[in-house]
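You will see chain A twice below: alongside chain B first, and alongside chain C after that.
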Partner chain A sequence: MSVLHIAILSPFLFAIIVPYIYKRLRQIHTGWFVLLLPIILFIYFLQFLPQVKEGEGIVQSVSWIPSLNVDFTAKIDGLGLLFALLITGIGSLVVLYSIYYLSKDQEQLNAFYVYLLLFLGAMLGVVLSDNLIVLYTFWEFTSFSSFFLIGYWHHRERSRYGAQKSMLITVFGGLSLLGGIILLYIMTGTFSIQEMVANTSTIINHPLFLPAMIFILLGAFSKSAQFPFYIWLPDAMEAPTPVSAYLHSATMVKAGIYLVARMTPIFAYDANGYWVWLVGGVGIFTLFWGSFNAIKQTDLKGILAYSTVSQLGLIMSLLGVGAGAVHFGNDNQLFIVATIAAVFHLINHATFKGSLFMVAGIIDHETGTRDIRRLGGLMTIMPVSFTIAFIGTFSMAGIPPFNGFLSKEMFFTGMLRVVKMDIFRFDSIGFLFPVIAWIGSVFTFVYSMILLWKTFGGQVQREKLPKTPHEAPFGMLISPVILASLVVIFGFFPNILSDRIIAPAVETIMPMFAIDEIHISHWHGFQPELYMTIGVIIIGILLYLTLGKWTRIYQLFPNKLTLNQLYDVLLPSLETGSNMFIRTHMTGYIRTYLAYIFTFFIAILSFTMWSKHAFHFESTNLADIGLYEVLLFLAVIIGTVTILASKSRLTSIIALGAVGYAVSLFFVLFRAPDLALTQLVIETISVALFLLCFYFLPRNFHLEKTRFKLTNALISVGVGLVVTLIAISSYSTKLFPSISQYYVDHTYDPAGGENMVNVILVDFRGFDTLFEISVLAIAGLGVYGLIKLRLARRKEG
Partner chain B sequence: MELLMAILIGFLFASATYLLLSKSILRMIIGTGLLSHGAHLLILTMGGLKKGAVPIVNGDGTPVTDPLPQALILTAIVISFGVTALFLVLAYRGYQELGTDNMDELRGTDGNE
Partner chain C sequence: MRSGDLILQTMSKVVFFIIILFSIHLFFEGHYRPGGGFVGGLMTSGAIILLLLAYDIKTVKKIIPFDFKWLIAVGLFISVVTAGGSLLFNVPFFTHVHDYFNIPLLGKTSLHTAALFDLGVFFVVVGVTLTIIQTIGESE
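What follows is the complex of A and B.
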């Protein structure tokens, strides 16, 4: 157990003592105590920067389940460290923000911080685990803690709905991720990511390559809210705003991005380009779809949710396109820019989206609404929030001098270079990538402007606001101010990130290349990217100004055809469907179940007999037929037919007795005196019992009970036929002689008896007899209990 | 002979199945009775019906019929008797308490306590 392991597990340990702190120290906001932990962790992770820059990964392993090759191997490399810093850094800011956002007196703070710490630890575990099973364990922990956090206000129906939806979708993805992990294990025999990267050639040539890749991508796409799994993210906005800012913009939704980045060295070598197409294609479509849908939202957090979906699509598409670089020898530096852009935008998105969510929370907190139709004119009332929102939205829209501009430029560069790729048929339809990317960016610009100006521009509609708007308290503003400052700092000095953080991360994603010095510059000269950005701004402004005229196109897509509608219809219909299924065949009639059992008996046995050509008849081993046997045969048949045909109970009981006596006569004929004796006695007692029973029951069967039923008859004939055929064929296939000769030879010596049957019963196989006696004893006790115990009546009396 | 017995056993099984599928609980019990007769005869038949002496040590070395199936059947008879007896008393008590021997009226429905 190294310090690193303790660091990863410390949030879990701290989560245990949070409720104690909450109970003991009610007068201090619990968040202050929690705040210490992410700050310490952040500082702890900062110290790895120089080591990681030198390319030295830190690997610490603790044995967990050695017999299954599962060890808790923690590994710090460029990518893991980048995420760890994001998680702990933004985690600290979010905790600080939540101290001012959540009221000490009205909220269940202990629950909130326990869930948040669980989430923090789980996220650290995901990004720092080298063992895929451990990664999966932490992955599901993030799903669970996110579920709890979304449903934090569990008295609200929408919260529970959103929590359930995100749970179902992300757990679906998590389970398919597990499937992919297992397939990878089958291919390589290891759960370690490092060892898998070393075995890439085995994986890409394996027939299970494609299923494993699809399973893992399903997991990544559902977690990172890619099309069509993005539907859970807008509904997750029911969570408290610090949670939305943390989980649903900066960290959890990037777990899928992390996974894709982490798996790139394993899957990108595939000669058919599935990885590049799937990741890139899904990403770029999600970018377009998310930005397109963000415009019609009226809720601040709704816009931000769709914008998160869109930006995640952007990062995903960059990762996909960047993976194409492995197929170019010397030109790879040309294409690796996409991967650099992905990492850079990942950081940028975390900063500006975190601050925007916090601003949305502030507005909600200070005005009482998040509906942009009721907001407006807050610019002069909330100047600090406005400034933060201004920086955030302009960065999101990709306008200089903020960091979003830089990553958007690089995004365009990456997408434009796709056209130059002459692999995987990119030369034919690859031009779609920059086109869709550009359209998506226009929409991004439009919704960013809507977000900013509908909230802060125009007139204040005081009568529509539940509260009198005023600027937020100082403490609430600290975190968004820090994030907005980072947006500006990274915008002006992007290269403070490039060497220390981005380069090691890119080296982890693309371990096959030596990364030259990364230099992010504001000015590329008159490149196509510049014209694209100018185009985005011009068209974006035009579209924003004419918003009322063209938003009618959204009505062309009826609400019934959305994916949400599909989910909402699918889930209840699954329920009603299974209900109907159960109702149609679980009738509650014992006859129906018996019919199922017998039908299955007939079907499975006759199918086996038919498919194995099992029917076999041999006449050599048969005994002769004697006259007495034929007579008894007829007696049994007549007795049985009488039972079947009789409408009176008495007749059928007597006929059953006749059959029993005939059977005992069979035993006489077949040289079984003990059996005959027992059968006679027992048949007598049984008939007596039947008569006793008969005495208390109505004299006749109800008429419909004895009515002939064709299905019943068919099933019965089938059962009889199957039994007969099996009896004949098994008698005809004697595979080895009986072991009875032993009993015959040893009955007198050494067993000391003359009656072989009795010696077998009490000497050779006495255990059977012991338990048969127990059966009789239990039956006797049961009968006694049934007759004597009258619990129901005693209760009444 | 075994062929004839196999047909008889098949007939007993078919009748037993038909009775088990009926609505009256007494007919179902009669069905189980026929089913156990069928099963006992099946064991005996599968052991071989070659004529031999009764399985008692006779000292003169004449072949005897197979004693093992007989022992098995003896056990089976006793057990099926115990079960049948319990089942009968259950039917009797059920009729006393519930006032019906019709299996359809004894149908368990959800919502029943």
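What follows is the complex of A and C.
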């Protein structure tokens, strides 16, 4: 157990004591105690920066399940450290924000911080685990803790709905990820990511390559809210705003991004370019779809949710396009710019989206609504919030001098270079990438402006607001101010990140290239990217000003055709479908179940007999047939037919007795005196019991004839036929001589008896007898219990 | 309800002992000729059922003044102890022993632990049959 392991597990340990702190120290907001942990962790992770910059990864391993190759191997490299810093850094800010956001007296703070800490630890585990099974364990932990956090206000119906939806979708993805992990294990024999990266050539030539890749991508896409799995994210906005800011903008939704980045060295080498196309294609479409849908939202957090979806798509598409670099070798490092852009935008998005969510929370907190149709004119009332929102939205829209501008510029560069790729048909349809990227950016610009000006511009509609608006308290503003300052700092001095954080992360994603130097510059001459950005701004402004005229196109897409609608219809119809399925075949009639059992009996046995050519008839070991046997056989047949055909039940009982006595005569004939004796007595007793039942039948019971049913007849004939055929075949194929000679030889000499049947019963195989008398005892006591214990009648009386 | 059939009652007094003797015979014969605990037990309960038919439950309870359910327990106990007793002598579960002994009055007799086990079977069978018959007979 190293310090690193303790650091990863510390949130879980701390979560244990949170409820005690909450109980003991009610007068202090629990968040203050919790705040210490992410700050300490953040500082702890900062100290790895120099080491990672030198390219030295830190690997610490603790054995967990060594027999299954599962060890808790913690590994710090560029990518892991970047995420760890994001998680702990934004985690600290979110905890600080939540202290002012959540009321000490009205909220269940212990539950909130326990869930939040579980989530924090799980995220750290995901990004710092080298063993895929451990990663998967933490991955599901994030799903669960996110489920708890979304459903934090569990008395609200929408919260529960959103929590369930996100749970179903992310766990679906998680299980698919597990499938991919297992396939990878089958291919390489290891769960360790480092060792898999070393075995890339085995993986890409393996027939399981494509299934494993698709399974893992399903996991990553569902977690990162890519198309078509993004639908859970807008509904997850029912969570408290600190949670939305943390989980659904900065960290959890980036777990999928992390996974894709982590898996790039394993999957990107494939000569067919599936990875490039899938990741890049899904990402770019999600970018477009998310930004397109964000415009029609009226809820602040709704806009932000769709904007998160779209920005995640942007990062995803950059990762996909960046993976194309591996197919070009060292002479064409141009595509690495896409990966650099992905990492850079990842950081930028965490900063501006976090601050925007916090501002949305502040507006909600201070005005009582998040509906942009009721908001407006808050610019002068809430100047600090406005400034933060201004910085955030302009960065999101990609306007200089903020950091969003830089990453968007690099995004365009990456996308434009796709066209130059002359592999995987990128030269023919690759032009779609920059086109869609540009359209998506225009929409991004438009919704950013909507977000800012509909909230802060225009007139205050005081009569529509539940509360009198005023500026937020100081404490609530600290975190968004810090994040907004980072937006500005990274915007002006992007290169403070490039050497320390971005370069090691890109080296982790693409270990095959030496990243010499990354220089993010504001100005790179009159390049197409610049004209694209200018175009985005001009068209964006025009579109924003004419918003009322063209938003009608959203009405062209009826609500019934959305993916949400599909989910909402699919889930209940699954339920009704399975209900119907159960109701149609589980009728509650024993007759139906017997019909199923016997039909399957016939089907399976006859199919086996047929497919194995098992029928076999041999007359050599058959005995001669005597007269008595024929007579008795006829008697049994007559008795059986009487049972089936008789009109009255009494006749059936008597006929059954006759068959039983005939069977005991068969025992006599076949020289089994013990059996004959027992059969006689038992048959007598059971006939007596039958008669007893008959006597107590209700008076109005019809004495009608058994109704004839063709299915019953067919099934019974089938069963009889199959059993007969099996009996004949098995008798005709005797593979071994009987072991009965042993009993014949030893009945007297060690066992000390002469009646072989009895000796077998009490001596050779007395065990069976012991439990048969136990069965008898249970039956006797059961009859006694059934008759004597009549609780229902006792209650009545 | 007291049955008043004199012939049946008188006859059953005689037949009862014959059946009992036959059942005891079946039981002891078991190891050498057809018979054994199971059939013997059934026969004994048959004899008691005859008494039940000729008289009534109250009378039979007076004649045989114990609960048949105890018989089940005693029978199971005897069987398990017989089977498990072999463990005390460091041989596997269910190892029987037998030998010839000179017993006064009976002379040279074969004694076999299997007979003890069979006795357990006998008791269980008698107990179960009579419990069932009696319970059903008593219920309204």
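Just so it is clear, the second predicted complex is superposed on the first by the 788 of 797 C-alpha atoms of A that agree within 3 Å, B and C clash if a C-alpha of one lies under 4 Å from a C-alpha of the other, contacts with A are read in each partner's own complex, and residues count from 1 in each chain.
Going forward, a residue touches a chain if its C-beta (ideal position, glycine included) is under 8 Å from a C-beta of that chain, and two chains touch if they have at least 3 such contacts.
No experiment lies behind these values; they were computed from the predicted model shown.
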| item | value |
| --- | --- |
| Which superposed partner A:L770 touches (first chain B, second chain C, both, neither) | second |
| Which of chain B and chain C A:Y628 touches, first, second, both or neither | neither |
| Touching partner for A:I787 - first (chain B), second (chain C), both, neither | both |
| Touching partner for A:Y731 - first (chain B), second (chain C), both, neither | first |
| Partner chain(s) touched by A:A779 [first = chain B, second = chain C, both, neither] | both |
| Partner chain in contact with A:G752 - chain B first, chain C second, else both or neither | second |
| Of chain C and chain B, partner touching more chain A residues | B |
| Which of chain B and chain C A:L692 touches, first, second, both or neither | both |
| Which superposed partner A:I682 touches (first chain B, second chain C, both, neither) | both |
| Touching partner for A:I653 - first (chain B), second (chain C), both, neither | first |
| Residues of chain A at both interfaces, chain B in one complex, chain C in the other | 673-674, 678, 682, 685, 689, 692, 753-755, 757, 761, 769, 776, 779-780, 783, 787 |
| Residue ranges of chain A touching chain B (in the complex, touch as defined) | 587-591, 594-595, 598, 621-626, 629-630, 633, 636-637, 640-641, 643-644, 649, 652-653, 656, 659-660, 663, 666-667, 670-675, 678-679, 682, 685-686, 689-690, 692-694, 696-698, 701-702, 704-706, 709, 712-713, 715-717, 719-721, 723-724, 727-728, 730-731, 738-740, 743-744, 747-748, 753-757, 760-761, 765, 768-769, 772, 775-776, 778-780, 782-783, 786-787, 792 |
| Complex contacts: residues of chain B adjacent to chain A | 1-15, 17-24, 26-27, 29-30, 33-34, 37-38, 40-42, 44-57, 64-68, 70-71, 73-75, 77-79, 81-86, 88-93, 95-97, 101-104, 106-109 |
| For the chain A and chain C complex, residues of the former touching the latter | 673-674, 677-678, 681-682, 685, 689, 692, 751-755, 757-759, 761-763, 766-767, 769-770, 773-774, 776-777, 779-781, 783-784, 787-788 |
| Complex interface listing, chain C residues touching chain A | 26, 29-39, 42-43, 46, 69, 72, 75-76, 79-80, 83, 93-94, 96, 98, 110, 112, 114, 117-118, 120-121, 124-125, 127-129, 131-132, 135-136, 139 |
